[in-house]
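As written, the chain order gives the labels A, B, C, D, E and F, with residue 1 at the start of each chain.
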Amino acid sequence: MSTLHTINKSPFSHSTLASCLQVCGKQDGILLLEDGVFGALASSPCAEELATIIETGVRVYALKGDVNARGLQEKIRAGILLTDYNGFVQLSIEHKCVQSWY
Amino acid sequence: MSTLHTINKSPFSHSTLASCLQVCGKQDGILLLEDGVFGALASSPCAEELATIIETGVRVYALKGDVNARGLQEKIRAGILLTDYNGFVQLSIEHKCVQSWY
Amino acid sequence: MNQTPSKKILFISRHAPYGTSLAKDALDAVLSSSAYDQQLSLLFMDDGVFQLLKNQASGEIAHKSFSSLLPVLPLYEINSIYVHYESLKKRQITINELVLDSVQIIDSSAICSLLAQQDQLLSF
Amino acid sequence: MNQTPSKKILFISRHAPYGTSLAKDALDAVLSSSAYDQQLSLLFMDDGVFQLLKNQASGEIAHKSFSSLLPVLPLYEINSIYVHYESLKKRQITINELVLDSVQIIDSSAICSLLAQQDQLLSF
Amino acid sequence: MIFSLAIYAAPYTSQASDSAYRFALALLENGHTLYRVFFYQDGVHTASSLNTPPQDEIHFTHNWQALAQQHNIDLIVCIAAALKRGLLNKQEASRYDKPAFNLAEGFEISGLGQLVDAAVISDRLITFGG
Amino acid sequence: MIFSLAIYAAPYTSQASDSAYRFALALLENGHTLYRVFFYQDGVHTASSLNTPPQDEIHFTHNWQALAQQHNIDLIVCIAAALKRGLLNKQEASRYDKPAFNLAEGFEISGLGQLVDAAVISDRLITFGG
């Protein structure tokens, strides 16, 4: 079984996304929400590591409402999947545990 | 006249010290307090930039009480000046303005 | 306040919109201050520059969007609105993506001088 | 709680001591949980490893020091205390600087496995 | 599936408070059970009967009260976190000789052990930090 | 020299609340004037008469009350920040039909304009963010 990681801080000002990526396994999932959705930008400090981890099969999601609220609709990098709160609930069920990085 | 910059977050988890160093002028001062005192470690992510700015004449202070509380007495790098709340008050008078990076 | 001469006061807004209330708190403070007949300016830097993006559709998170709030600024007595160049560059945000077109884009060393000219800094 | 089988619960403490209450809140949560007959473990990572430093003299900031608080942990039913190796290394903290000597230093990939073995994670 | 939530974020300061509520709505809509919401750290302020947000802002206290009544959810406020932050029920107010109490109806003050109890009882415990 | 402080940090959650109080003590000891302390954002919780910290923790509310009385300091709580966070004086409680009020004596609820007013009146304004 695997872990769902949630990130709610901007990677431009906090190190939570970088910390998460260190311990995120291939079976794990990552959900970006609140200010964490800035991590879905191509300019994110963790963009390369995120791309690498996506290539290994990790699914990375961003909450659509938080993306749209911040005007990032057109700026999300390829490979990031958009979801909503129903999807968030579903992800928390598909993974055994949730680690909140805040 | 010049600016006193206060930093109260760990540079290992927040980017406030890095942001401050970008705009800190030669006449300015920096005060590390609370979790900001972790910035006074030789291992700090901003250690090099901090060393460079100290060489240009910027005075960098750390609050002694916060350093001691965290067990960092012996770990503070050379060039960082220790001070207390009386010193903090004095620094805020010697500089024209105070910018709090939090 | 009567005899006090007018002061140069810079508001510094460094936090992303919505995730915390700081960006909105800073804006509210700027607007409330405009009645006080002082020389007010406002600087966006770090994640604060995200407040300036167009097309924020905050309906889904039940907040007024900054895209709709910030355009009121020129109507208030805010002398100058500054945006930190390196903060925009790091986030790959271009000038035509900003909701305000009357802003001054300034680099780090210009910010250093800007801070040194102020009588007070209000840090957000 | 009666029929529920015992669960593996990991507390993850990632914040520096004193600057916020999170480190203390995490410790209080661990200690209060020890009476519940579950398989509890505790992981220090990121700035949370600073909690483990010896010689914290918090008298000047009016808090009990973590140097004096953490040694009670082995008296409670905490099965294992883990510390993230890369977090220590990045901060140039060596094992003999730690106030607890019964900790297990584990690397990032071991943490990945550790998380996967748990029934619940309590994130601090 | 049985869920519990741990909310550490302050309402009106951190969006995490809102995220937690929306997550709760979604899980209930999807037919799952919400066993307990545990308010800790600055999350305890969610439970104040005196919260008076402007008309156009979310009223978290009312929202949780309504949800709890409708779905029989335990709304637990950590007693240690609450007392130091000025959140008291009638008994605590009288014990500490305070002139008023402000714990909203539907919320209950209890010990920190209720957090691990929620972890034990529930299939999923999700933390919302500020 | 005339100082004012702006406190945005929550007491008992952020050390910045403690730092601000220590700074105030030091400036007064050094013969300076503290014109105003402006509580905004989560800093408003400092002003609650219901705060009940354990005996071995700092009582920020009492400390500020004592300091203000001794040195004639304006303790201003931002009204907009206070109302949504459940901090009310008697008038606001009655205006919004709330059963109690919790603004501690010595603190005053007022508008956000008092922040820039403090900046104008004072030689130095120092911000303590959480």
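The criterion applied here is as follows: contacts are C-beta pairs under 8 Å (C-beta built on N, C-alpha and C of every residue); 3 or more make two chains touch, one makes a residue touch a chain.
Remember, it's a predicted structure, so these values are computed and weren't measured experimentally.
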Partner chains shared by chain A and chain F (touch criterion as defined above): B, C, D, E
Of all other chains, the one whose Cα centre sits farthest from chain F: A
Greatest separation from chain E - chain, by CA centre: B
Chain centre separation (chain A, chain E; CA means) in Å: 26
Cα-centroid distance, chain B relative to chain E, in whole angstrom: 38
Centre-to-centre distance between chain E and chain C (centres being mean Cα positions), rounded to whole Å: 34
Between chain F and chain C, distance of the C-alpha-averaged centres to the nearest whole Å: 25
Where chain F touches two or more other chains at once, by residue number: 8, 12-13, 15, 41, 57, 80, 124-125, 127, 129-130
Chain A, residues touching no fewer than two other chains: 8, 12-13, 15, 34-35, 97-98, 100, 102
Multi-chain contact residues (two or more partners), chain D: 18-21, 46, 61, 119-121, 123
Touching pairs - complete list by chain label: A-B, A-C, A-D, A-E, B-C, B-D, B-F, C-E, C-F, D-E, D-F, E-F
Residue ranges of chain E in contact with chain F within the complex: 10-13, 41-42, 45, 48-54, 57, 80, 83-88, 92-93, 96, 98-102
Footprint of chain B on chain A - complex, ascending: 12-16
In the complex, chain C residues that touch chain B: 12, 14, 45-46, 86, 108-109, 111-113, 115-116, 118-121, 123
Sites on chain C touched by chain F in the complex: 1, 4, 7, 9, 21-22, 25, 28-29, 32-33, 35-36, 38, 40, 119-124
Interfacial residue positions of chain F with respect to chain C in the complex: 6, 8, 40-41, 80-81, 111-113, 115-117, 119-122, 124-125, 127, 129
